[in-house]
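Please go over the structures that come below.
Here subunit A shows up in two complexes: once beside subunit B, once beside subunit C.
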Partner chain A sequence: MTKFEIGDRVTVKDATSMFHTRTQAFIRGHTGVVVEHRPAWVIPEDEAWGRVDDGRTEPFYVVRFQQTDLWPRYTGYEIDTLETECSERWLEPAGEADT
Partner chain B sequence: MNSPAEFEAQANRVAGYGPLHHEEMDSPYYLPNSAFDALRHVLHDVGGQPALPVAYEEKVEEDWEMSTYVTCECLGWRGVWNSEERRRAENDLGATLYFGLPYYARWITVAAKTLINKGLITPDELSAKIDEVRARTAGGPTAGGRS
Partner chain C sequence: MTHSHDDHAPIQASEEVSEFEILETAIRELSIEHGLFSREDHRRFSEWAESVGPSGGSKLVAKAWVDPEFKKRLLADGTETCKEVGIDWRDPTGSGTPSDYTYFYVLENTPKVHNVIVCTLCSCYPRPVLGMSPDWYRTPNYRRRLVRWPREVIAEFGLHFPSDVEVRVHDSNQKSRFMVMPMRPEGTEGWSEEQLASIVTRDTMIGVAVPQVDWTATTPPSDNGGAAR
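Let's turn to the complex of A and B:
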């Protein structure tokens, strides 16, 4: 059961991370598009402390961002993209104003 | 092996790894939130971090690197840890060791620390084994065969 579908625009939460995370700082607060589903797995914030059996399991999503959105001084092509994976808790539906 | 002069040389060597320009950071009395935010940044999240160019090198895998990989995977199969625990343990080494060690040296260092953390080996057992192997291979890396 996934909250987001392929093609959905999602914004990465700009939440505080303490001690461990896989959600990169450079995507926080940025909006991208879901391009793939990944199998549900224990979230890194639990798995990193060995909680494989009792850790919280969530769907993971591959989210695609425009490089020019992420890096103000990006010198590559306009069409260049970056894809990374986020667990569901890090994503929320993008608002109208989010590009 | 550890004369005052050698100790000082080693301490200075570590200090010398710092960038040319850096803020003084020696257990400060006061720390602004902005500094704390920078310090708690998770080390493996290197995207967008300032860095110097790195020379690209076609390097073959060395025996110790494959041995380290296999050892760490076996520890996973035996339920000692998982890959995410390893990554966290690498981050927890701190910036000096994280960026100072070769990739697989980070792995084997945190494998040893995790085994100690979980009470599966003791630091003195590890030290004794290192001394044993060091004595056996004193004539060179292949003098005593592989441990």
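Let's turn to the complex of A and C:
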């Protein structure tokens, strides 16, 4: 079961960067849209410690961000986007303030 | 200005060894010592891994251009469809090495969307289809700047798009690997798959260039001012 559906607006948690997360600092705290589902796999937080067989698996999502939402002084055009993948634990439903 | 060999500084070996080089050497030496593989195995594997070039990717794109059904399959399941042109992402280790991938996705360029790939966290690259990444792809300069100033960076490669074309950056931060499928240029009607593959160069599949009818990876464009003639 996946928590988010295609088209859902999600905010990346602004959580700690301690240890291995593979969640880039530049997307934390930013809101984007789920555009694709990815199959569940072991989260990097566990895989980094060699827990491949007994690590926690989670669904992953491709999240599309508007570049102008990521960078306050983005110099390209309004329609430009950036896509990257996030594990479920890093995402939460976007609040009303973010829509 | 006269040329003199005395002007050259003597060649000096760099003393700098990175943490990862030390780690690689340590693990390699231990593996050999414990008989996991031999020195020759290691040499042969390195030689093979480094000999994989971008021709597999070119073949995929050219085939997709001439065969709509193949294109559908490629876009729907990149990993599986690669096998049709003899590329098995799990070969030869069974776990995906030399690229620590899980899934392979092909990103189709359209008149409205131009895709470009980067890995900001390290240097993930679709090695089974494109071979080793170019040096610049692995530099912090490209990795930092492409996500922040994509239009400026691709402009440095000579590529410009108007405001109604979305430039879409794909940061491969997890286990997926990506390759761009460029648009087939005009003037290639009736070309064979091999001819088409010759203009689908490495950079067009990273997304910092688009295919040109008179430009392959081994021949310069015909309009370079005749400098080559």
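The rule is short, and it goes like this: the second predicted complex is superposed on the first by the 98 of 99 C-alpha atoms of A that agree within 3 Å, B and C clash if a C-alpha of one lies under 4 Å from a C-alpha of the other, contacts with A are read in each partner's own complex, and residues count from 1 in each chain.
By our rule, a residue touches a chain if its C-beta (ideal position, glycine included) is under 8 Å from a C-beta of that chain, and two chains touch if they have at least 3 such contacts.
Just so it is clear, the structure is predicted and the values come from calculations on it, not from any experiment.
Peer 1: Looking at the superposed three-chain arrangement on subunit A, would you call subunit B and subunit C a clash or a fit?
Peer 2: Clash: subunit B and subunit C overlap once superposed on subunit A.
Peer 1: Under the stated touch criterion, which partner chain does A:71 make contact with: subunit B (first), subunit C (second), both, or neither?
Peer 2: Once the two structures are laid over each other on A, A:71 reaches both partners.
Peer 1: Is A:60 touching anything from subunit B or subunit C once the two structures are fitted on A? First, second, both or neither.
Peer 2: So A:60 only meets subunit C here.
Peer 1: Give one of first, second, both or neither to describe whether A:26 is in contact with subunit B, with subunit C, with both, or with none.
Peer 2: Once the two structures are laid over each other on A, A:26 reaches both partners.
Peer 1: Touching A:17, do we find subunit B (first), subunit C (second), both, or neither?
Peer 2: The answer is first: A:17 touches subunit B but not subunit C.
Peer 1: Subunit A residues in contact: does subunit B have more, or subunit C?
Peer 2: C
Peer 1: Quick one: classify A:48 as touching subunit B (first), subunit C (second), both or neither.
Peer 2: first
Peer 1: Based on the A-chain superposition described above, do subunit B and subunit C contact any of the same residues on subunit A, and if so which?
Peer 2: 22, 24, 26, 44, 70-71
Peer 1: If we count contacts the way the header does, which residues on subunit C are in touch with subunit A in the complex?
Peer 2: 102-103, 120-121, 147-152, 163-176
Peer 1: In the complex formed with subunit B, which residues of subunit A make contact?
Peer 2: These residues of subunit A touch subunit B: 17-22, 24-26, 44, 47-50, 52, 70-71.
Peer 1: Show which residues of subunit A lie in contact with subunit C when the two form their complex.
Peer 2: Listed in rising order, the residues are 22-24, 26, 38-39, 41, 44, 60, 64, 67, 70-71, 75-85, 87.
Peer 1: Where on subunit B does subunit A make contact in their complex?
Peer 2: 40-42, 45, 47-48, 81-82, 84-85, 87-88, 91
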